[in-house]
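We call the chains A, B and C, going by the order they appear; numbering starts again at 1 in every chain.
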Amino acid sequence: MTAITKIQGLATAAGFALALAVGGANSASAEDVVLHMAVPDWPPTRIMKDMFDKEYKPTSGNKVTLDVDFIPWPDFYTRVNASLTSGEKKYNMAVSDSQWLGAFIEGGYFRKINDLIDADKELKKAMDGMHPIVLNAYSTYPNSTPNYYGFPQFPDLLVSYARKDIFCNDDEQKNFKAKYNKKLPCTGEEFDNVDWDLFGNIGEFFMRKKGEMLAGKPADDDFYGVAFQVGKGYDFSTTSVHTFVWQAGGDIWDETKAPNGHAMGQVNSDVAVKALNHMLSFIKYMPPVAKTGTMDIFKSDELFRAGKVALNVDWIGLGEASLDPKSSKVADKLVFGMGPGTKGADGKINHTSQIGGQPFVLTTWNTDVINKEAVGFVKWWLSKDVQMEYASKGGQSAIKEVYTDPKYNTFRPWNRAWASQLDWQKDMWHIPQFFEILTQQQDQYDLAITGKQDAKATLDNVAKFQEDLLKNAGLIK
Amino acid sequence: MSETASMWEKLGFRKASGVSEAGWGQTLFAGLISLIYFLPVLLIIITSFKLQTEALAIPPKFIPTHLFGLIPDAYVFTPTLENYTSVFSRSMTAGAAAENTGFDRYFFNSIVIASVSVFLALIIGTLAAFGFSRYPLKGNDTYLFVILTTRMLPAIVVIIPVILMFRITGLSGSYLGIIMLYTAFNLPFTIWMMKSFFDELSLDVEDAARLDGSSDVKVFFKICLPQVIAGLAATFVFGLILTWNEFLFALLLTGVDTRTVPVGMSQAVAGGGIGVLWGLLAAIETLFLIPVFFVTFFLQDHLLRGVTFGTVKR
Amino acid sequence: MNPITTAPPPTLFTPTPDNWKLAIMIGLIVAVLAMILLPPAVSFWSVGAMAAMVAASFVVNAYRRYYYGGLLVAPAIAVLVVMNIFPLLWSLGLSFFAYQSNQQTIRFVGLANYIKVLADELKAPENWANLTNTAMFVVLTVTTQMIMGFLLALMFAKQFPLRKYLLILVLTPMMLSVVAAGVFFSYYYDPTFGLLSYFIRIFSGQQFILMDNKAGAVAGIVFADAWMWSPFVMLLVLAGLVSVPKYLYEAAAIDRVSGWRQFWSITFPYIRGLLMLALLFRTIEAFKMADLVILLTKGGNGTMTISYHLIRIANEQNKTSEGAAISYVMLFIVIVLTNLYLYIANRRTVEPAHE
């Protein structure tokens, strides 16, 4: 077997060499081109690979294969990072969280794609047809400059997952009205209008002990009002904190204002402290695991699917499982709305939230032939029909003519909330220091979430750390 | 010893230590402790027969049958083999056709890589241990200690140089590379372990054999090796278990074709955006447990027969 | 050994296969030339070939002069040098440079990384806190494992019906992969779904949250780790226990030696070496503990270990040099500790251990 692998390896290497030589000579003869791609193992990438295999016909006449390395999410960064930084040069394309861009671009691994876009009208049209906020978050580095690096693979954002059977129950509706003099939301549109006050009321209202009445039946176990991510892993509390801070009118350290912006005074402003306290005030309405600091996106989703929570705010990327009766006890009882917001003075709701999702990128060691085929693949991928099909299978598309298509909202129950929330998205940082900043603030937020430190001290520590670090990096004057 | 028989002994307990006999009382006692000890594993095995929606049920569903109405509904789950078929083939997106997950290959890889590297380590390591024990070099202890230090650092420290080295030599993603790495990974323990067994042997027997004209090679194979079978078995079992479950090197140094089960297992930990697929993870772990379980079980006799020669320490 | 006439060592310039001095000279020259003149992929192999030549001459030399020790040890040393020691030395070297694996620049900074890790006002307190946590885990997990392992071994030291089948049950935990065990323990400890909480609730009526404070989180991790690895200690101790010749006990019984004295004078000498080995390896592994912490607490509630910190530094943040410095500080501590163990163990051998 080793021998076969080796021969295959040699053949591939020879193929590359040939591609290099022939590509330079601009020959028109058909070749075998293999695009090696590193992707996380989940439905959005599985669907892409499946569609590619079944439908993609390269216009160049070459035989193009997409060799996808599906890596489970928990190990995805470790594996990709090790491959890139060791100089292995194994992958031609990779899915990357948008926040990793800076580190990998500065390291010289991700290729700038401006020249490719400019050289190709169709590709340019596809990029121009993209929602500007998504494009900006997934593609540009330094952020908000016209330097492009990535194509959106899966645009993800936070929505409310709610239990129709409980929220629409007549008794619950009546009791809620009596207690708070507010209408308990029931339809998707009503959930769009949930602000944090109402969210808090819902949280308090649905805290039920085992045996207490819940939607006309005694609860078979303790039941909880709300859940959202407040965990110590990866960015599982940062996402929530940023959302609260932005909606309250505060801000995190803004990379687009470097080097004139500051972390000190900004990150720990009174508004930010208030916002963090506001976030912490909801933990008492969550399942008790939140107090341990391990309430991550998967845990809150799992609790919701097991029917322990009335309302969960989570990425739609995890949505499929909640619709599947095999993995969800609440599959037929769901209603989706935009994530909770903050009511402004004008009565309108501010839905600003942290964007999720991933772009995919090209690597710098690709030959011209590889790049050409990669662009061909991307053009096909970003074309309307393909994106429509992708969306119909459970993907999301940031392309305007796709998500504004009336059919789009029928594909998945959350698509309506998804599309209307695009305008409210913001991203954190894309700078190479991302992981350092993230880890430190995750540690600090965890102290606040588990009740070991107050909000003020937490944000002071975060601000001080960021100010020092970014000063050293030359990003703060 | 019957003259000092106490009530405890009549009940089947014996106070004397060493390989002596004890009765059914001891079985009862040890059985209880062992079952408690085994409980977390048992729960994993039970979970492997549960559907995702039943896996986390409260109260826990711990039994697949009502036992003629003895067990209330809340504690009974409907056993399914779906998780086991899902290990090898399942649909990766909602509504899609089932496809091969690659686990048949991962299992094959795990078995080949672990068994070859542990055998290699055992051969090389036993020779070295015999060398260290019988023909001490200048600075013997220093060598031994340096060998031990290679186990002291977390793998993450050496990972970048190892990846670079593998890339240059073309070993990346090959069986040879990961097998050599695991052999090295197993050597320190093998050497230390086997040396401690060789050190315990009596030199008198060996010297006597030499005086009778046996060659050093013959002494090693005919006299020393048979006495350390217990050690070999124990070392093999430990090496196998450690290699079997090694994760970081496997994650970073195996290719799609040489990937091992622990790496593939994460599929079920954040399974395609669903969080933990409890039943599937349990099924993978249960299947993965079987080979080491039986190897250990069959080597256990050797493990426990101990040193057969009536030797006294040095 | 029997006195065998050995050939005199060859002079420096005699081209015989056992002339290792000459081999080293040629090897060095060729290697340096290759590194300067040839492209990296070729020079790597040239250097490798030269190393192999030197190694071969050592082996031939050892063979001709009957250095059995050297011959027996050579293959093991060779594998270890290539796969372990060389990468370790590489990281040792990197710890004196300012280098990040995701950047192309590299700069010699001497001891700056070590100073940063140990004394920097921002970084050092965190490192020391993590080291303290690690020390706590080492003491707690290793002690628990040694005690549990020892007791289990005593339980199985005697022959009794079904012993074989019960023993394999106890051995199973250490066969689990850490990932699966960790994930399942997070389920057992979960306040909503978990069995621990379920059983405590039967008595208290309240859901039980184990992991929301330091004591609980540490206990949870220590329990899971000790559960997995006590069988390791047990098996080593058991291997020692069953190797005690039966007649020694019979003799002791005739002499009416007390159980305690029997243990110290007969049993203990047989298991001392293996106990030491178990202690040594478990301590080393405990120092590296990260997986369970990541799976159970993500380092929250005061359970951050130095090894997890290292993974963040060296992998997530790609600060290779700083990571190398931390790991060599770790190595220094482990070396001191293991030497202490070995010193104590060796001192005991000098004393008359038993009669």
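By definition in this document, contacts are C-beta pairs under 8 Å (C-beta built on N, C-alpha and C of every residue); 3 or more make two chains touch, one makes a residue touch a chain.
Everything numeric here is computed off the predicted structure, so don't read it as measured data.
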Farthest-lying chain, centroid of Cα atoms versus that of chain B: A
Pair with more cross-chain C-beta pairs in contact, given B-C and A-B: B-C
Centre-of-Cα separation between chain B and chain A, whole angstrom: 39
Chain B and chain C, separation of their C-alpha mean positions in angstrom: 16
Residues of chain B whose C-beta touches two or more other chains: 56, 58, 159-160, 266, 269, 276
Residue list for chain A, restricted to those that touch at least two other chains: 78, 82, 85-86, 221, 306
Sites on chain C at which at least two other chains make contact: 101, 192-193, 315
Chain C partner contacts - residues on chain B that touch it in the complex: 1, 12, 14-24, 26-27, 29-31, 33-35, 37-38, 40-41, 43-44, 47, 56, 58-60, 124-125, 127-128, 130-132, 134-137, 140, 143, 145-154, 156-162, 165, 168-169, 180-181, 183-185, 187-189, 191-193, 196, 199-200, 210, 216, 230-231, 234, 237-238, 241, 244-245, 247, 261-262, 265-266, 269, 276, 278, 281-282, 284-285, 288-289, 292-293, 296-297, 300-301, 303-307, 310-313
Chain C to chain B touching residues, read off their complex: 1-2, 40-41, 44, 48, 67-73, 75-77, 79-80, 82-88, 90-91, 101, 152, 154-164, 166-181, 183-185, 187-188, 192-193, 195, 198, 227, 232, 235-236, 238-239, 241-249, 253, 259, 262-263, 266-267, 269-270, 273-274, 276-277, 280-281, 284, 287-288, 290-291, 307, 310-311, 314-315, 320, 323-324, 327, 330-331, 334-335, 338-339, 342
Parts of chain A lying in touch with chain C, wherever the complex brings them together: 77-78, 81-82, 84-86, 103-104, 106-109, 221-222, 231-233, 287-289, 291-294, 303, 306, 308, 432, 435-436, 439, 443, 446, 450, 465, 468
Of all residues in chain C, those that touch chain A in their complex: 101-104, 122, 186, 190-193, 207, 209-212, 217, 296-301, 312, 315-318
Residue numbers on chain A that touch chain B, as the complex places them: 1-2, 5-6, 9, 41-44, 46-47, 50, 69, 72-75, 78-79, 82-83, 85-88, 221, 298-299, 301-302, 306, 317-318, 320-321, 323-329, 393-394
